[in-house]
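One structure coming up, written as structure tokens, with questions to follow.
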Amino acid sequence: MSDNRPILVVNGPNLNLLGTRQPEIYGSTTLADIENLCRGTAADLGRKVECFQSNHEGAIIDRIHAARGTVAGLVMNAGAYTHTSVAIRDAVLAAELPLIEVHLSNVHAREPFRHVSYLADIAVAVISGLGPDGYVAAIRHLVARET
Amino acid sequence: MSDNRPILVVNGPNLNLLGTRQPEIYGSTTLADIENLCRGTAADLGRKVECFQSNHEGAIIDRIHAARGTVAGLVMNAGAYTHTSVAIRDAVLAAELPLIEVHLSNVHAREPFRHVSYLADIAVAVISGLGPDGYVAAIRHLVARET
Amino acid sequence: MSDNRPILVVNGPNLNLLGTRQPEIYGSTTLADIENLCRGTAADLGRKVECFQSNHEGAIIDRIHAARGTVAGLVMNAGAYTHTSVAIRDAVLAAELPLIEVHLSNVHAREPFRHVSYLADIAVAVISGLGPDGYVAAIRHLVARET
Amino acid sequence: MSDNRPILVVNGPNLNLLGTRQPEIYGSTTLADIENLCRGTAADLGRKVECFQSNHEGAIIDRIHAARGTVAGLVMNAGAYTHTSVAIRDAVLAAELPLIEVHLSNVHAREPFRHVSYLADIAVAVISGLGPDGYVAAIRHLVARET
Amino acid sequence: MSDNRPILVVNGPNLNLLGTRQPEIYGSTTLADIENLCRGTAADLGRKVECFQSNHEGAIIDRIHAARGTVAGLVMNAGAYTHTSVAIRDAVLAAELPLIEVHLSNVHAREPFRHVSYLADIAVAVISGLGPDGYVAAIRHLVARET
Amino acid sequence: MSDNRPILVVNGPNLNLLGTRQPEIYGSTTLADIENLCRGTAADLGRKVECFQSNHEGAIIDRIHAARGTVAGLVMNAGAYTHTSVAIRDAVLAAELPLIEVHLSNVHAREPFRHVSYLADIAVAVISGLGPDGYVAAIRHLVARET
Amino acid sequence: MSDNRPILVVNGPNLNLLGTRQPEIYGSTTLADIENLCRGTAADLGRKVECFQSNHEGAIIDRIHAARGTVAGLVMNAGAYTHTSVAIRDAVLAAELPLIEVHLSNVHAREPFRHVSYLADIAVAVISGLGPDGYVAAIRHLVARET
Amino acid sequence: MSDNRPILVVNGPNLNLLGTRQPEIYGSTTLADIENLCRGTAADLGRKVECFQSNHEGAIIDRIHAARGTVAGLVMNAGAYTHTSVAIRDAVLAAELPLIEVHLSNVHAREPFRHVSYLADIAVAVISGLGPDGYVAAIRHLVARET
Amino acid sequence: MSDNRPILVVNGPNLNLLGTRQPEIYGSTTLADIENLCRGTAADLGRKVECFQSNHEGAIIDRIHAARGTVAGLVMNAGAYTHTSVAIRDAVLAAELPLIEVHLSNVHAREPFRHVSYLADIAVAVISGLGPDGYVAAIRHLVARET
Amino acid sequence: MSDNRPILVVNGPNLNLLGTRQPEIYGSTTLADIENLCRGTAADLGRKVECFQSNHEGAIIDRIHAARGTVAGLVMNAGAYTHTSVAIRDAVLAAELPLIEVHLSNVHAREPFRHVSYLADIAVAVISGLGPDGYVAAIRHLVARET
Amino acid sequence: MSDNRPILVVNGPNLNLLGTRQPEIYGSTTLADIENLCRGTAADLGRKVECFQSNHEGAIIDRIHAARGTVAGLVMNAGAYTHTSVAIRDAVLAAELPLIEVHLSNVHAREPFRHVSYLADIAVAVISGLGPDGYVAAIRHLVARET
Amino acid sequence: MSDNRPILVVNGPNLNLLGTRQPEIYGSTTLADIENLCRGTAADLGRKVECFQSNHEGAIIDRIHAARGTVAGLVMNAGAYTHTSVAIRDAVLAAELPLIEVHLSNVHAREPFRHVSYLADIAVAVISGLGPDGYVAAIRHLVARET
């Protein structure tokens, strides 16, 4: 069954600085570039995305709650909150949305505390290290699996 | 010594969705139902409750600070922040309020990361799995121990 | 469905000394006081309790076996056996009784070995630190959940 | 700089049974389907893939050695050897090939021993749970990053 | 090379209550006292400080982002977030500011969870237990190392 | 050298409920059935068994002591005491009897605390998951190894 | 339902040396003796066995794959691969065969790394220390449980 | 202040077999020998001992309860229960008796699980490896410290 | 209350090589420079320091013993002995001197074994990474806290 | 066989301060008192002791080497070196002397790092918490076991 | 007793690439160079070597089996299998050959998983970091210890 | 570039007793034998060695400091200090000397605490179990790598 509701793309803390922050790890693409890439990817599939970024854990939770029943799926790069937030995990469970967890860099090649994810085991899939392509692959997969 | 100040009832992240979210774990009672139950329990004992819910860790801390010296005790279901927030722990210590930690579901029967609590060792008591009855028992005990 | 079978209240090792032993931790209430409180709580709800205390792990197992099919639920403060007895856990599972685990003191604020419970994950609920009120809340909840 | 050497696609132990083995975890697509999908993806980008599957750790090592200097990159689903083979890790390092680690299912939602990877920290990227789409995304990214 | 940009002084959760909260651990100095002490220390060195306090993790991250390129260094007592926030760590890395981590009390003599710091290994220095003198030493060192 | 002393068969806590307790794990065979099966197996080999069951750790120790020098070997399903009783381990060592440890269900597929055995490393053999057949194989092996 | 397909008996690395290798641990029986014993046991039950031994993990995987659908069950002494091979575990799961894990010596009395088994929790039963009798008990049980 | 109440000497599980059991570890002295030695030591100091041995954890707890207020101190070799019984620990605390923990053999040179003691941190002293002399030293010290 | 006894400054193993050893970690200041800086700092406050360096754990213990009652406080950079010496810890406790632990480099950013300190929890304060300024801040704080 | 060589009594770091240092833990007896007590105990048994104390690990090793073949046994309170010195352990093994490890206080009731002993498993016996009586019991036992 | 059987030199996975693979870690010497060096070393001592390399764990096991009784000793650089193969360990034990474990690079200075060896505790000696000289020293020692 | 400075050979605690101490582990060679062997080995290569042994950690540190810039390399058997001394590690780093760590026995086959080395990861190579040959191989390698 196809679905024409939008896909929600959430970016977490510090991702607003993308393109300026540590380019040797995160590349030179900005958050606006990524959000445009997501819009374009969805448009190619006849769909829309809604984009949201916040440095506030509570604001991310509120946004996910609001998405409950109104979006088709969630692509989220929760940044550092991936590794520490049980509350965002619970918000995703409560919103009952299929989640694809995305990381720009390969978190498995970084500090050990970044190998812990409170989201990975409740996600459909995890993509780490594909850079902005990770968002593209995530949106495509969320749409493709509806059928 | 009896005390006629209100009891503060704090509910943490995702508890605003109660009754809709994962009813097989959390039941069908809403947050409004629980807050009314708390008000009724207190009224039966000639007391009042103040109710607060937020998905924002900082807002919960601010609310606990404001309660310092003005409430008789704290009944808190800090939800996921129970397992991750040293800052809320410190707020409770700073506010010098007797705390009863409440969980609707039995956290001991869930994921291992829910077995960690930054609040339990500074609480008067911990009640887990009694559903809304946990709030009732907590309010009654806070009032009873004043005498 | 309401049930008119009694509730079994089991107290484990050293609880026979209640009221004399370490009152700064356990208070001055005696075991007889607690058993009377349980009887009164049940009577108010039109029910009965059966009370049992033993310092012998095997005797507690035998008593739980005997309760199989004849009582409506189990309120148990297994004392130190909470932290060490897989055999009592198995007895509860074998007796197929709903269990509420009760501790007079807040075990989460005591030695680390008291944070381990072989009963908590098979219990309906866990109440720790409410003193004798914990038994009252447990009996009320067991009766209430039958409906 | 663009590169017109082929991409090597390696599938490890038990993946020859794909489509028949535990379809609730791995889906009904066969290994031949996946290899055809890889060929098609590469063809769309004007490239070729070489496909290899073996249940023998040593054979996989031999194949990676042979690829040294002759392929543009490696897309590998090493299956169970992901979690146990330091020797395959060393072969990838020795072959000096960019690697993308792919898993059909989301390994983060399975047994703890599948959360360990001897390949992830030496990979460009890790994709887990996208099903056959993971191979597509990996090939596209390997080609895209050459430029 | 000398620098005449201000130093940013950030205080984290619960530090707004300083002077009232647990004086046996934190002393009777208020946050205003500390901020004045910081202003005086900087003035003696011909410099300015900007002071910020929040109980909200997200707000602290926003403030550090805003300081990027506009301040000479960061003196931060992140309070409880020191022990739990990867997001603030990432904000400091993204802002590319030299950091001195300060704690009023000696965290090494307190609970084990306060021995973990997500900031210490990316800091220039860590000062723990000097009380308000810690801020003074931190500001002096940040200025001195510019030369 | 053949031996015509009996074999002692000991069953530990909760095994008296066999056949009624959790049949999906333990099957529908009763303890009496198992003891009869043991008697029959021994009789086929021209031997006898002595059977003992208790829920009391101390009683099991006493029984093993009494068997010292009077039985040819020990087949024991110590149930939950397998995982917690150093005292029964010491009794077996003191009685200097060859032991075969038997479990009806496959303990390796159950909770982690059932993977610990204080008996396994002092046993001749361990049989787990063969159901009542485990007792048969144990008795046969104890008799066969005498020769 | 009875089944007349053969039972597959797999022996893993180093078991080809049985009878010559460390007889104080493994006894003087050769692999041929064990395979004959298995054939005899099966014949007594009106069945056949197929025997296979290899020192190559990949060859064992290939053999198990080939058994899929053609044998009634698997008796396997995977030797050292028991403790290290996730790939053989996956092969057994993929082949959907009932498995009984057998060890000649009592692995629980040996080095700690032999206490880890990647097969035990997916096996019907585990037999350790019965010597060649373990194979006999395993074959009998596999046949008996079909009914 | 001198005290003329008796000293209670408790010996735990398996110590009834002393002199016959594993003499290479425990020596050839019997329990009666040790109890006589204790009586003689006390008599030399103008005191009495009461001796008790049981293999039952509950019986040891009952005996310690009965000693509350009636004996001057407790010399206990709790045998294997030393390493597993929180309940005996609690009984000692409840009885408020000074305890000296005694072991015949040097437990520090045996299995790791014998290095754990639930009694050591609540004891006045621990003596391990002095053989029967340990009881003598313990009684002497309990009497000497009264003054 | 002011105190005019000297402050003892102790430097531990390898600090005699300062200025030559690994300057990228420790800087180019020599031990003599640091001791002069300490003398100057104390003189500005109307006080004296006594300086001591040794590579011998026992000699440092002897020196701390000798300081008992004759100095006002202890500033110590125990170097590598910080991480391994319980004996120096005991010497500080025995000498009953207020201690400030100093490290030139930020030990929290180095090897994990340097994150363990046997001194930190018995110190007034810990300063790590301020270079020679750490000694200055320590002396000032020891003097300031006397009042 | 009786032996008339002396017993060596070694006291380790900080024990020279006995009687002045932390009397609430170690009591008011001085090292000279203890050495005299040892001399007296030995004299009563017709023997001599040699006493040695040092704060230097190397000096203790040298002293133990010198004792090789010339003393009948070693009574050692190695103080903090008990918990950290493999070298003293090796010296005792090299000197091939029977060792009794003595601690004045009950180390099991103190910090966890004092629960580790590099000497306990190579000692004849360990005595902890008997105060100076521990030395007496140790000397008596060393002499008694010669016969 | 001198022995004129050859020494077996086994090289494990990826060592066939020596001289081309990661020369900054492994140097520029090829496997052929090393095997020639081994032949020369043996020849100087009047002996022969047999050389074998494989990337297949099973093939290495087969080769070691074949060496049983026919070679004087084993010099093995098992490469990555050192850290993961219990089966090769068992093959060495079964072949009853003296083993010297060799590594070209210093494995102790590399990733933690390379610090684990399943061979080291059953080897005569371990040489790590001497480059090709390690093989020379190993062969010399194996020959020298025969006498 | 060749170097004609001497090689420093350091032996740590208890190695002065070589030849007398535990010959079943360490052999009958004395320290003088080893030092002569080292001198001979160096002489064959046209070089000298300086030999040093001490049981004092501080003395070893002093000796290494003195070697800075005056010797070509360090061959050290630090004995038990290998496993406990961060200070000797720091001395080696400070002296900037290439180190080869040598052990007479195979430490990997002994107690777990001997598997920890504070020197191994900063050494050029580690040789364990070659007996006196280890010193020879170490000196040869240090000289050979200069070229």
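We just call them A, B, C, D, E, F, G, H, I, J, K and L in the order they show up, numbering each chain from 1.
Keep this in mind: contacts are C-beta pairs under 8 Å (C-beta built on N, C-alpha and C of every residue); 3 or more make two chains touch, one makes a residue touch a chain.
Here the structure is a predicted model, which is why all the values come from computation and not from measurement.
Number of steps on the shortest path from chain D to chain I, with steps defined by chain touch: 3. Under the contact definition, chain D and chain J share no contacting chain.
In a homomeric contact, the two copies may use the same or different surfaces; for chain G and chain K, under half of the interface residue numbers are shared, pointing to different surfaces. Listed options E-I, H-J or G-K contain a single repeat of the C-F interface, assigned here to G-K, on the basis that more than half of the contact pairs agree by residue number. Set against one another, D-K and H-J show the most C-beta pairs in contact at H-J.
Distance between chain centres (mean CA atoms), chain I to chain L: 32 Å. Mean C-alpha positions place chain A and chain D at a centre distance of 24 Å.
Shared contact sites, meaning residues of chain F that touch two or more other chains, fall at 56-59, 84. A complete list of chain pairs in contact reads A-B, A-D, A-E, B-C, B-E, C-F, C-H, D-G, D-K, E-I, F-G, F-H, G-K, H-J, I-J, I-L, J-L, K-L.
Residues 56-59, 61-62, 65, 68, 84-87, 89-91, 93-94, 118 of chain B are the ones touching chain E in the complex.
Within the complex formed with chain F, the chain G residues making contact are 100, 106, 108-109, 117, 120-131, 133-134, 136-137, 140-141, 144.
For chain A in complex with chain E, the touching residues are 12-14, 16-17, 20-22, 54-59, 79-81, 83-84, 113-114.
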